C-alpha cells in the first residue's frame, strides 16, 4: 500500500484537492491519501517534507493557485524552488500543480482549467507510482495538463 | 506546551510582533512565545533556524516590511528563499508575513495593512499547530491575509 | 560496466531519448542505460537523483523541451537549478539537454535541432565517462550542441 | 570571549573593514576579530563558512561594494543567496553589508555612505552578539544603515 | 604540496586554462594542478566538487565563457549559484572566472580580455592559498580582473 500526500492551500480559489482525489480514484487503487492544507504556495514545500517524514508519503501532489500580479509570480517561483529542493532532498517525487489566475478568462474558465489540470496531474502522479511504463510510452508526445496536448512535432506538420 | 518563534526586524516601520502576539493570544492557548529581533529581512532565516535549534520552536512566524524600491524586492526574494530553505531543512513551518511599503497608500493604510496581515498570519500559525482541520475546511476558499478574501471562484460569478 | 541514466518528459514534443540512445551506441560501449520518463522538466531533478540512488547511475542525461512563453523559461530555470543542485549533491554529472520551442522556426527545424542537440549531448556524456581526455583536447574551442560550433576566437578573425 | 569574523574584498573601493573594526571597538568589548579578504562578493560566503569552521567565529560581517551595472547586481544577488545559505547552514548570523556604487553621487558621498553603513552594521553585529535586547527594543522602528532612519509609520503622519 | 583544480569548458572560445596555468607558474610554486574539462558552464560546479572529493583539490578555478544572449546570462547565473553552493558545501574556495562574449568588441579584444582575466584570477587563486595577507593588504583598493583597476574612491576625486 503506497501513500500519496496531497498538499493544498486556503489561498486557492478552487478546491483542487477534491478533483485530484477523484482523479486518483479513477486512475486506480493501491494507495492511501494523506493530506495537509496550508495558507499559501510558499507553505507547500515544508508541508510536503512533513508528509514524507511524518506520514510516510511516497509521492506528494502540491496544489496551488497563485494570483496574477508580478509579486504572485515571484511567490510561485520561490515555492517551485522549494518544492524542487524538497523532492531532491527526499529523493521522492513532488508533482507540482499550479494554476495562475491570469491563465484563464473569467471564473468559469478558471474553475474548468483548475479542475482539469488537477485531474491530469493526479493521473500522472498515480502513473509515476504504479505504472511508470505508461509515462515512458508517452515520452516526447507533447502532453499538457489542463490545456489540450500540443502533440508531437511530426504530427503538426 | 508548544513553542512559537517570532522573528521580526528593526527595519520594519510597524511593530508587527505586537499585533501578532495579541492575535495568537486571541486565537487560543497551549504555546509559549520565543522572540528574536534582527536588523532586516535577510537576517530572518538564520534567526528562525536558531529558534528551532536553540529555543525549541515548533513553528516560526517571520515578520518583515521591505521597502518599495526594486532592490528591496530583491532582498525580500532572497529572504523568502532563505526562509523556505530553513523550513524545509528543519521540516517545521515558517509562516512568512511580509508587507511591502508600496502595497498601501500612506502611513495610516500601511499601519492598518501591517496590523491586519500580522494578525491573520498569526491566527493561521496557531491553526497550523493546534487546529490543522480548520485550515483543511477552508481549502480552496480564496482566503487572503491583510486584504479582503478573494473567495472561491464559484461565488464570484 | 557503467550506468547512464536517461530522464525525459512527456511534455517534450520530440522523442529525444531515442536520438540520445542511438548516439550513445554510436559513441562506444561499456555502459548500460537506465531510464525514467516524467511529466515535465521540473520532475527531472528528482528522477535523476532516484537513478543515482536506486539504479546506480554514474551520469544522467536530462532531456527536456520547454515551451516558448516566459512562464516556460521560468520553469526551465527552476529545473536547471534543481539539476545543478542534484549533480553537486551526488557529485556525479548531469548533462542537461534542453531545447526551447522558440529556438527553431517551424516543426521540421525544431525536430532537427532537438535531434542534433540530443545526439551531441549524448556523445559528450559518453566522453565524460569514458574519454575525459577528448573533452580536454577540445577545451576553449567554442563547441556547440545542436547549432554549428562557434569555434575558437582566433579562427574567426 | 566571542569571535567576530570580518570578510571583505579587494574589489571594494573603500576600506570598509577599517570602519567596521572601529565601530565594533566603540560598541563594546568581549570579542576578538578574525579576518579574511577575498577578491569579490561572490567569494564572501565560503570565506564566512571557513571563519565559522576554522576560526571559531560566532558571527560574520560580510562587507562588499558591487558595481553599478546590471551584471554587478546579479553578482550581488548570487552572493547574498550564498551568504544566506551559509548562515542558515551554520545557524550563525552573517551580517551582510553591501554598498552599491550607484547608491551615491560621486566619490565623497560614496565614501561617506560606505563608512556609515559599515559602522552601523558593525554596531548591529555587536548588539546581536552581546545585547540582543537592544535590537528588540527597536523592533518596528524603521531603522536604516547608511541612510537616515525611516522611522516608524506613526511618526511620519 | 597543495592542489589547485582547474575546471574549464569546450564551449569557451579561448583556451583560458592555458593562460591560468602560466599565471599560476609565474605567481609561485607549492602546488600541483588537477584538471577537468566539461562541455559548458553549468557542468563546472559538479566538476569542481569531484576535484575536491576525488582529486584532493584545496581550491578550484572555474573558467567559462558564456555567450551574449539573454539565455546565456541565465545559464551563467545558474552556474554561478551552483559554484557558490559547491564552495560553501566544501568550505573551500572556487574562484569563478567568467568572460561574457558581449564584454569585448571583436575577437582580438575578447581574446585579450579572457587572457588577462584568467591570469589575474589565477594570481588571486595562488594568493588565496599561499599569501592571504597579500589580499588583505589590497582590501578596499578597487581591484579588477581583466579590466583596469577602478582604484580606491579617494584617489578618484
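Every chain is named by a letter (A, B, C, D and E) in the order it is written, and numbering of its residues begins at 1.
Please note the rule applied: contacts are C-beta pairs under 8 Å (C-beta built on N, C-alpha and C of every residue); 3 or more make two chains touch, one makes a residue touch a chain.
Values in this document were obtained by computation on a predicted structure and should not be read as measured data.
Among the remaining chains, those touching subunit B and also subunit E are D.
Note: Cα superposition of subunit C onto subunit E, rotation of 70 degrees, nearest 5. Centre-to-centre, using mean CA coordinates, subunit B is 41 Å away from subunit C. Look at where the CA atoms of subunit A average out and do the same for subunit B: the two points lie 25 Å apart. Multi-chain contact residues of subunit D (touching two or more other chains): 81, 85.
The touch graph of these protein chains is a ring, one cycle where each chain has exactly two neighbours. Starting at subunit B and stepping first to subunit D, the touching chains follow one another round the ring as B, D, E, C, A. By the touch rule above, subunit A contacts subunit B in their complex via residues 8-18, 35-39, 42-43, 45-47, 49-50, 53-54, 71, 74-75, 78-79, 81-82, 85-86, 89, 107-108, 110-111, 114. Residues of subunit A that touch subunit C in their complex: 73, 77, 80-81, 83-85, 87-88, 91-96, 100, 121, 124, 128, 132, 135-136, 138-145, 150-154, 156-157.
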